[in-house]
Structures are given as structure tokens and as C-alpha cells.
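Each of the next two complexes has chain A plus one other chain: chain B in the first, chain C in the second.
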Partner chain A sequence: MNAPVANKLALRRSYFEASARARVAAVLDAGSFHEFLPPEASEPSPHLAVLDIPGAFDDGVIVGSATLGGRPVLVIAQEGQFMGGAVGEIHGAKIVGLLRRAVEEKPAAVIFMADSGGVRLHEANAGLIAISEIMRAVLDTRAAGVPVIALVGGSCGAFGGMGIVSRLCSAIVMSEEGRLALSGPEVIETVAGVEEFDSKDRALVWRVTGGKHRYLTGDCSELVEDDAASFRDGAIALLARWHEPAPASSTLRAEQARLTERRQRFAGLRDGLDVWGALGVAEPRQIPMMDRDSLVALKKGLPA
Partner chain B sequence: MSLQHILDGLFPAGHDVSVHGQLVAGCAKTALGTVAVLGTTDAAAIGHDIALGLAGRVLDVVDQHPGQPIVFLVDTKGQALSRAEELLCLNGSLAHLARCVDLARRQGHVSLALVTGEAVSGGFLSFGLMADKTYALADTQVRVMDLKAMARVTKIPHERLQELAAASPTFAPGAENYLRMGAIEAIWDAPSAAQLEAALAGQQAAGPAVDERMARGAERGGRRLAAATAAAVVSA
Partner chain C sequence: MEKLEFRFPAQPATPAAGAALCGVVGSGNLEILIRPGDEADACVVSVKTSARGFGRIWEAVIAEFAARHAAGGTRIAINDMGATPAVVSLRLGQALGEYTGGVQ
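Up next is the complex of A and B:
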């Protein structure tokens, strides 16, 4: 291995494997992060305590302010290693509070590092209501002219209500390793059977929910390497060209037409391979092996 | 309770509502004038087709009937569970529906959702919980998952969960729990034109809706931490 390649690999910091705090440190400008309600100023969830489950002082989410490429941002980072990043009462309220603060403060953006299976079942009602409050707060933030950029590349992906929240954001930056969907493959397998969705078939799971598939179908805006520096660069590039549109019927009409056309065009398909073929990819089986840059180039060459 | 019975109870002055599969759409007469009626029936699983069908009709109301109030009828067992639905990013279609309901609010349409049967997870999030206010008929089922399934997933004995559910509204199914937590404004004993019209008139008088569910939950004692936590982040 030659020296430059070795250096590059040594410098790479997997976003997928990193903790929320490590992501915050690596994605935002060095030393710029200031946490709101740090662990020493907060309480763990009493709803977990009553079930004899150990809590976390940050309840699995970090919120605060920082700069990104020199511009002021507010930040949310979910910790997938605690309760699967799932949303409970305190966790959800921290996110809602951060978004409401953004409406007042009008930073350049909110950076939302999603890593969550959705509602925390141990506080299911509080979690579901919190997701609904987050949904409304994301749209309020965007309506105030502040873009909300979701980063999806953590070990828990963005599932359940957090899958919906991610798609309500202005744009999504995603890695190949990231997963974005509503119901998890395990849930579908449990309810509908292994023939419907074999959750142990990791390659299939990625062909249905993974970053490359979501990128090819236009459900995420940017595809980046599984590297904190790449997420940082992707978010900076996106912000530089982003202009948050005012909520309008015309925008949603266009999205309605896109989703309806796609629904008809891909009716009955059940595997990413089939969708990629239908999109005009000559050799769909090569997609899982391609590196990020080749895939981005390939997408540019696809028929509109 | 049949859809016809519910519609007759809510709109005795007349309604023109049709059912397309499990999607409900039309309009009705009220003391406040004509209102749009949209929703689902027979515990619909929300997939792309229902989500896009509802979203398109919300946009029609916004474009063709400025300011017309919207009444959503909610009866959903949650999101459709299939690989084909997920392949085309079902969370994206549900998000799109939610954005359409949100747009209607910003364009001056008051909206009210009434849970008439079941209200579960993603299906509930995408439109019922996006309305200005959410109400429920008595004896409806509002939940993320039932206690037995929750016991399996969390590995906490069912009996223990039942015992805790008596003391806390935080996790057990039931419209009453969502009322105490602030997500459901009120529970109606039966479909009532008087209650519906009073609710819509109240919303019109109050002006553009803001999300006050945390404050309601704190007042009612069912959700004591959320409002204070969010406020602490805003002022930190």
C-alpha cells in the first residue's frame, strides 16, 4: 500500500461506528460546540427508571449550538448506542426545544444527526406524541426560513417516526451504510413472514433501505462516504447552495406528481435491483460494489 | 360504529362523502358552511396509495376552496407493512401527506381530526396528529402497540406492564392516556354536530394554530417533563 492511501485510511473516522459526541466533534468546526442541557444539568428518564432500566443523563440525544464552515448552526445528535436512539419524552422534548430555538435565533441551519429506530416503546405514547411535535417543529423551522439538514449514517439508521421526520427535513445527507425507511425489516418479517422480508439478508436490507438506493431514487440529496469528514463536507456543500423555499402548494404539487409517477412506474417491484434496472442502470448487480464517486457519476448519466 | 352512522351524526345537515377502497373523501354542510371531509375507514393500513390519495385531496382543497375547514376522520391500524412499500420510501409518502396538512394550516384552513376507530403509529402521525386539534370518539383504540406485543419486545412481563399502566399514561394504549398527555383535545361520547361545530368555531376564533400539546399535557398531569425540558433548551 502506498503512503498517501495509507494516510487517507488512517485518517478516516467511521461515522457509522462513532458515538453521537464523536460525530458532533468531527462534523462541526473544531471546538465550536456548546451543549444545551449537558448531562450534569439534566435527569435521566423516570419512565425507564420505573421499569428498572438504566437511563442516560442526556436521554440519548445531544443538542446545542456550533459553527459549520464558519456559519452558526444549531445541532441535534441522537445516540444510537443508547436505547437504539429511540425517542422518549425527554429525548423528544430536547429536539423540539432546539427546533423552537432555531425559529427564534434563525441560525444558518439546523444539523440533525439522526440515528434512531423511532418511538421508544418503553414510553410509547410520549414517544409518538414527541415525534408528532418534532414533525410540526421541523416544518415551523423551515417555514421560518431555516433549513434543517438531516445526516443519516448511524448504526440505527432512521426508522419509524424518525424516518418520517428525516423526509420532512430540507435535505438528507446519507452514506451507503445509512438506512432510511418506515418499518424495520424485522417488524415486517415478524408480521408478514420471512418470504416477504428476510431481515437477516443484509444485502437485501441495504438494497431496499440503504443509502445508494435512496440516492438513486432521489430520496436523499447527497451520498457521502462513511466518514465524519465526508458528512461535514457534504453538509457544507449542501448549505452553500441551499435556499429554503417558502411553503407553497406548487412545491407540494410537484412532489405529489413525482411520487405518483414513481408509484406507477415501479409498481410491483420488490428489490432495489429491479428499480435500478427500471431507472436505466445497465448492470444493476454492479451497484453494491461501486464506490461513492462512481455511483454519483453513474446517477448523473441516467435518463431524466 | 359504521361510517354512515358517524357521518350522519357529525353532519345532520347533509354530506356528500364517498369511500374509495378505504379512503374517505367528500364534503359536508355545517353551521360554519361547507367543510372538506377526508380520512380513512375500516382500520386502513396506510401505504403509498392512500397517503398520496389523501395528500392530493388536501392540495385540491387548498387550491380550490381557500379557507375551507378540513375534518379528518381517522381509522388506521398504522402503516402498510411490506417490502414493496418500503422500497419506494413509504416514510417519504407519509412525510409528504404530513406536509400537505401542514400547508393547509399555513394557508388559513382550520383542521380537526376525529379518531373514529383505531389510531396507530405512522398512520396516525401522517394526518391525524398533524391536524390543528385531535379528538377521539369514546371506545376508540389509540396506540403504538398493544401491551402483549410490548411485553414481548421489551421483555418486561405483561402483568408488570398492566400494573404500571394503571398508574402512568406514558405507554399503555387508550385515548384517555393521549388526552391526559395533551395529544387528544377531548373525547366525545358520540359523533356530535354540536361538538364538531363548536370545536371548529373555536379554532377559527383563535386564529392560526400553534402546537400547544406539551402545555396541555403538563396542565393535565399526564406529561410532566416535556414542556419544561423544551423550554429549558429554548432559554439555555
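Up next is the complex of A and C:
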């Protein structure tokens, strides 16, 4: 490795490996974050206590206000290292409360740092209800004209209910390391068998859920490096050009038609490689080896 | 889960923040919350840990921490997911460092 490359890597602060608190500190304007319900004021999950499992003071999610590029934002950051970032009752209530505050305060955006496998199964119905309340609150926030920007690049990705929540957001900023899908690889393998999906095949997992695949299929708007500073720049750039559209049934019908067409177009394809080929990529096998800038350039050249 | 409570005499700490949090409740890790306590010359610790039967090791690790640091006048709450003694010592030092503004 030559010296400039080594220096560049040394300066990088991996978003994937950072804790939620480290991400909050690195993505938002330095020193601007003010936490609502900080650990000393929040409550750990009563459901986990009943099950004799130690909780976290903040129940695995940080909420608060900050500025991003000088503009006021409200912030949600899930901690993937605590129970896979799973959404329990208090965790969900903190997110819903923050989104309702956004409807009233109308900040420039809500920044949602998702890092979660979905519902916290220990909390059963309370977790499921929490997820559905978050979905409704995201849509209410957007309907109030406040964009909700999801950042997906943590070790747990965004799966299950949090996969749906992420796609309900205005736009998604993602790194190659990030993953986004509904059922996670292990769930598919458990339900449908290893012949259907081999969750141990990590390269396959990334080819069908990873950031590059989501960028090529248009499920995420920005592809960034696995670096907190890149996520910050990506979110600022997205916010600068974003105009939250007023909710309209015609937009929803158009999106439904687009997804139906896409489903038919890619029907029967079993691997990201096949999908990329169908999208017009001449050499799909090169995609996993490409760096971020080359992939962005390649996508610009694809047929619309 | 096991709940443990300890109280050790310690030199008074000089807080720089109202509270300090360090670490995450992840596998092999723990979180430590330090807040002001009621007794200036004692460090009061409550532990919730997923690993049962390690009370004497917790006691030894925290006693060593209280003897080595000015950690008096604090109330320390710990949520643990199986951290090793070395990680516990490291996090206690980090949390106290944050609580006292970088001075240990």
C-alpha cells in the first residue's frame, strides 16, 4: 500500500464500526447535539427486566436536536451493538416522540441513523406496535413538509420493520457496507431453507442487500464511503437539493406502477449479478471490486 | 441476570460534568453511568450483569478501581453483557475520565 492511500485510510473514521454516540458526534456539527432523555433521565426496558436481561439506560436509541451544515435538524441514532438495534417499547416511543416534535417544530430535516434488525422480539406486541407507530410518524412528519433522511451503514443494516421504515423515509444515504432489506438472510434461510438462500455466503448477502446493489436499483439516493465524514457530506448534499413533495395519491400510484414493473422485469433473477446485468451493466462481476466513485460514474452511464 | 451492590471508600472526585456515560451494552461489553453520589468519600456501585456467579471478581475489580482513582462522591450504575475484568477496568477509567473532564 502506498503512503497517500495509507494516510487516507488512517484519517477515515468507520461509520460501520462506530457506536451510535460516536456517529452522532461525527456526523452532526461539532458540539451542536443536545440529547432529549439522556441516559441519566431515560428508563431501561421494563420488558427486558422481566426476562432477567440487562437493559441499556437509553434503551438503544439516542434522540435529540442539532445542526447539520448550520441548519437545525432533529436526530435519531439507533445503537446496533445493543440487542441488534432492535425496536422495543421505550426505544420506539422515543423515536415516535421525536418525529411528533418534528411535526410541530418543523426543523430542516430529521436525520435517522438506522442500525437495526427490526422488532425486538423479546417485547413481542409492544415492539410490533412501536414499529407501526414509527411508520405512521415518519409519514406524518413528511406530510408536514419535513424530510426524513435515513442513514444506513451500521453493522446491523436496516431489516424487518426498520427496512420498511427506512424506505418510508424521504431518501436514504448508504455505504457499501450498509444492508437494507425486509427479511434478513438468516430469516430467509430458516424459513425457506439453505437452497433458497445461504446466509453464510456473505458476498451473496451483500450482492442482494448491500449498499452498491441498493444504489444501482435506486433504493438509496446517495452512496457514500464507510466514513462518518462521508455520511455527513452525503446528508448535507442530499438536504441541499431535497424538496419534500406534498403527499399525493398520484405519486403513490406512479411508485406502485414502477415497483410492479421492476418486479416483473427482475422476476426469477437469483443474484445481484443477474439484476445488474439486466440493468445494463456490461461486466457485473466487476461491481463488488469497484470503489464508490467508479460505481457512481458507472450508474450515470446506465440506460434510464 | 444478577444484581450486585458495592460501596468502597475513595478519595473525592472533582466532577466536570453532571453525568458521564461510557460503553455499550453489547456482547463482551458494558455501559457505565457515573452520577454524583451522596457521600463525598465513597464510591457506590450497582451492577446488573447477564453473567451469574462472578460477584467476587466484580468486588475485586471495583475495589482496585476505588483504591487507585479519586472516585469518591459518585454513584456508578453498570449494565453488563459479559465484559471481562480487563474491559470493566478500562471502561471504569474511561467513564471517570469523562466525568472529571479528562483528569483521572
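Here, the second predicted complex is superposed on the first by the 297 of 304 C-alpha atoms of A that agree within 3 Å, B and C clash if a C-alpha of one lies under 4 Å from a C-alpha of the other, contacts with A are read in each partner's own complex, and residues count from 1 in each chain.
In the analysis below, a residue touches a chain if its C-beta (ideal position, glycine included) is under 8 Å from a C-beta of that chain, and two chains touch if they have at least 3 such contacts.
All values reported here derive from a predicted model rather than from experimental measurement.
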| item | value |
| --- | --- |
| Touched partner set for A:Ile164, first chain B, second chain C, both or neither | first |
| Superposition-derived comparison: chain B or chain C, residues of chain A touched | B |
| First, second, both or neither for A:Gly55, with chain B first and chain C second | second |
| Contacts of A:Phe82 with chain B and chain C, given as first, second, both or neither | second |
| Chain B versus chain C as contact partner of A:Ile188, first or second or both or neither | first |
| Touching partner for A:Ser19 - first (chain B), second (chain C), both, neither | second |
| Which superposed partner A:Val275 touches (first chain B, second chain C, both, neither) | first |
| Touched partner set for A:Asp233, first chain B, second chain C, both or neither | neither |
| Chain A-touching residues of chain C, taken from the complex the two chains share | 1, 18-19, 21, 24-27, 29, 31, 33, 35, 48-50, 77, 79-81 |
| Touching residues on chain B, where the partner in the complex is chain A | 48-49, 52, 55-56, 59, 62-63, 79, 81-96, 98-100, 102-103, 106-107, 121-122, 124-126, 129-130, 143-145, 150, 153-154, 156, 164, 168-172, 177-178, 181-183, 211, 213-214, 217, 223, 225-227, 229-234, 236 |
| Chain A to chain C touching residues, read off their complex | 19-21, 38-40, 44, 52-57, 60, 79, 81-83 |
| Residue numbers on chain A that touch chain B, as the complex places them | 36-37, 42, 46-47, 50-51, 63, 89-90, 92-94, 96-98, 100-101, 104, 119, 121-133, 135-137, 139-140, 143, 160-161, 163-168, 180-183, 187-188, 191-192, 196-197, 208-209, 213-214, 217, 219, 247-249, 252-253, 255-256, 259-260, 262-263, 266, 268-272, 275 |
